[in-house]
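In the two complexes below, chain A is the common chain; its partner is chain B in one and chain C in the other.
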Partner chain A sequence: MKFKESLKNTARDRVGLGWRRELAVGILSNLDRIDVVEVIADDLFNAPRDERRALRTLSAQTKVVLHGVSLGLASSAPVDVKLLEKTARLCEAVEPEYWSEHLAFVRGGGVEIGHLTAPPRTDDTIEGAAANLERARAVVGAAPLVENIATLIDPPGSDYDEIDWINRIIDSSDGDLLLDLHNLHANATNFGYDSIDFLKRLPAERIVAAHLAGGKWVEALGERRLLDDHLHDVPDPVYWLLTELAALTPHPLTVILERDGAYPPIEILLRQLDRAREAVAEGRSRQFEQIDQEAA
Partner chain B sequence: MNPFELRGPEFLLFYFCFSLVVIIAIAVLRRRAESGPAPKIDLGDPYLIAYLRGGENEALRVAVVSLVDRGMLVMDDLTIYRADHVTGGMAKNPVEYEVLKKFGAPDTAASVFKDGVLKSAFQPYRDKLENAGLMPDSEVRQARLKRLLLALTALGIVGVIKIQIGLSLGRPVGFLVVMMIVAMVIAAVSSFPRLTARGKATLEDITNLYSGLRSQVYSFSPGGASAELAMYAAVFGVAALATTPFGYAQTLFPRATGSSSCGSACGSYDSSFSSSDGGSSCGGSSDGGSSCGGGGCGGCGSS
Partner chain C sequence: MSAERFEAFLAKIYVDEASRERFLADPRGEAAKAGLSDQEIEALEKIDRAGLILTARSLLNKRRRPVKK
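== the complex of A and B ==
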């Protein structure tokens, strides 16, 4: 697979929006305020040919990246090669700058869970994820960026906490990280750890993209949990995390706002993109101040 | 086998097949010559898309429907006039400006089709689409003409030789003459489609990218989703509004189909409705602040 350019060589930080048909008018009418568009790969796997072909007209207007939701990389079971081949064909057609997938498991024993599920954080799933990432790289031509997921329960049978589990998977593969900041915020809130500390323990040089989203409070297992539902506006702590992230990472970041329903007027989403841009800029200026201080 | 030695009915069958091959060949050559990568154009401009799909008349229909939806034009039975509060500065682009200016005096919606100034406002769109290779420019038209002349020559030479042979033998040639004329007419008509192959493919892609509007349109309320309404009308046609909450569009344009050729010079665009000549160039973009109807999930769960 031929990617348009190396991600880490992109000239600047970029902020964009997830492509949803319901937002087509808003997105295509405001490409001067949207640097990049993220397309859900799985929506197109079985789509008619002309639907896939339309993406080349979309990618002629703006940068396009692909995001997968169904591979189930974080599993001791091998990833479905047919899905990888579909991903490869899509990447050939669209030539995205990168493609990404979740560190989740989505099926077991041939049964689809229908949800991105946190697997037990064990050596088995670390090795399985590393092997799956290698398979993905071999079939698609480039390893995906891997994304942390949100979970309402701490996966039973785990030997590692989330940060160590993610770091071990990243260490054992050549895929970089797409950090979902709302997932990080939700997990930190639900399981009582410090999100900034989590962020600082990730390898900053491997984080090249970020997701922003919103969620809501729910009751789960008798406790109040923050659910990542992509149906609400991005909350303040996620922007704060974005600033921290921008202050840490040496590479330009690609930041995508995900919204999957309850769509507000496009202007509200554009304002969230503007705020994300400001958050990144603030982080970058802190980074430069720190560099200047160190130089002095 | 010498086809000119074939008997009447056999030669007619041969000539039919020969014509078919020639017509298909020029279509394939045209498609090959006019294809290309997806262009970068302003996909947020409903008038550009309407012009690409159906020409200036369809783009004018979209402009009138959009301005009525936004309350800038007022419908009074079959007559339209500009709302009192509207100024030229409220127009999003030169096309809207010219339409608003025209309806300073009440008139029927269909009167826009007879207005030369309005039609000339679309020249920049034509230029953009020609530059992007979506509509034929003079070079493409010339190449089409050359291919057609070659085809006509081939059809003509084969037909005329057999007609001469037939006449010299005192055989009837009427069927062959008719077949030759029909083949030439089909070759000529099919040689000059309004869009290039690239334009046709891009239009299909645009229709696909905006396909979500097909279901969304029923959740729009008049005046509540103007950008989406304009885009729906641009992509799927004003006629497609008939069964939506915007059925008034059919009252305005009962024969909405769309397609026409382009005007010539560009009209003016200023913020008063005072002059129609003044030299500013016509851009052609519409902004798109909008509201979106509800909808389902794009496919990602808790990611």
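== the complex of A and C ==
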């Protein structure tokens, strides 16, 4: 697989939107305000030919990246090679700048969970994820960016906290990090850790992309937790984290707003992209000031 | 192999309501019945119950609509 260009060589920070059928008209009418479009790979595995053709047309008009949701890479079980082969064929057809997947498990013992869940954070899942990332790299031709996930449950049977578990997986693989800032915010809120400290403990040079989204509060047994549902606007703390991230990472960032339903008018989403640009610019400005101070 | 068995057990209690109810009523018994190790059984006895209920509820809602992540 040949990616259009190396992600770390992209000239500047970019802000874009997740492709959803319901947003198609709004996206296509506003490509001058959307730097990059993220397409869900799994939606296209069995898509009719005309939909794939439409995607190729989109790819000719703007930057496209692919995002997978069903591989279940962070598992002690091997990833399904057939799914990897489908991903490889899609990457060949679309030629995205990069592809990404989650550090999640989505099936076990023949049971399909149907969505992303946090595996036990153990040596077994670290080794399993590293092996699966290597399988993915071998079949697809490039390692995916790996994304942190949100979880409502403190994964049972864990030996590591989230930051150490993620860092060990990154250390043992080629893939860089797609940092989902709402997932980070939600987990930090739900499990009582400092999101900025978490961010600073990640290897900044391995973070090349970010996701933004919103969520809502849910409750059970008298406990309130923040659910990452992609149905609400991006909250302020996520923009603040984006500024912190832009102040830290040396590489250009690709920032994607994810919205999966309760769609507002496209102008509302475009304003969130504008705010994301401002947040990145503020972070970059801080980083440049610091570089100037150190040089002085 | 035990790690895969543990993940399979989690997958089942996350998505199958009857399995989850049995587990919440008797975590040790259900985990032992699944052939999990003593360490895994102990971990499941201390499970984050609110998190389990919220996770199961969230997964059910998400399976009802096509969601990207």
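Assume the second predicted complex is superposed on the first by the 293 of 296 C-alpha atoms of A that agree within 3 Å, B and C clash if a C-alpha of one lies under 4 Å from a C-alpha of the other, contacts with A are read in each partner's own complex, and residues count from 1 in each chain.
Keep this in mind: a contact is a pair of C-beta atoms (placed from the backbone, for glycine too) under 8 Å apart; a residue touches a chain by one contact, two chains touch by 3 or more.
Only a predicted model underlies this, so the values are computations on that prediction, with no experimental measurement involved.
Asker: Classify the contacts of A:A281 with the two partner chains as first (chain B alone), second (chain C alone), both, or neither.
Answerer: neither
Asker: Going by the contact rule set out at the top, does A:D124 touch chain B (first), chain C (second), both, or neither?
Answerer: A:D124: touches chain C, not chain B.
Asker: Please indicate which partner A:G109 is in contact with in the superposed arrangement: first for chain B, second for chain C, both, or neither.
Answerer: second
Asker: In the overlay, answer first, second, both or neither for which of chain B and chain C A:A138 touches.
Answerer: Touch partners of A:A138: none, neither chain B nor chain C.
Asker: Which partner does A:L227 contact after superposing on A: first (chain B), second (chain C), both, neither?
Answerer: A:L227: touches chain B and chain C.
Asker: If you stack the two complexes on chain A, which partner ends up touching A:V81: first (chain B), second (chain C), both, or neither?
Answerer: So A:V81 meets neither chain B nor chain C here.
Asker: For A:A24, decide between first (touching chain B), second (touching chain C), both and neither.
Answerer: In the superposed model, A:A24 contacts chain B only, not chain C.
Asker: In the overlay, answer first, second, both or neither for which of chain B and chain C A:E267 touches.
Answerer: first
Asker: Overlap of the chain B and chain C footprints on chain A, residue-wise?
Answerer: Common to the two interfaces on chain A: residues 18, 20, 40, 43, 67, 69, 102, 114-116, 149, 151, 227, 230, 258, 260-261.
Asker: What residues of chain A sit close enough to touch chain B in their complex?
Answerer: 18-26, 28-31, 40, 42-43, 50-51, 53-54, 56-61, 67, 69, 102, 114-116, 147, 149-151, 180, 183, 211, 227-230, 258-267
Asker: Looking at the complex, which residues from chain C come into contact with chain A?
Answerer: 3-12, 14-16, 39-40, 43-44, 46-55, 57-59, 62-63, 65, 67-69
Asker: If we count contacts the way the header does, which residues on chain B are in touch with chain A in the complex?
Answerer: Touching chain A from chain B are residues 37-41, 43-44, 201-202, 204-206, 208-213, 216, 227-228, 231, 286-303.
Asker: Across the complex, what residues on chain A touch chain C?
Answerer: Spelled out, the residues of chain A in touch with chain C are 18, 20, 40, 43, 67, 69, 75-77, 102, 105, 107-117, 119-120, 122, 124-125, 128, 149, 151-154, 156-158, 218-223, 225, 227, 230, 258, 260-261.
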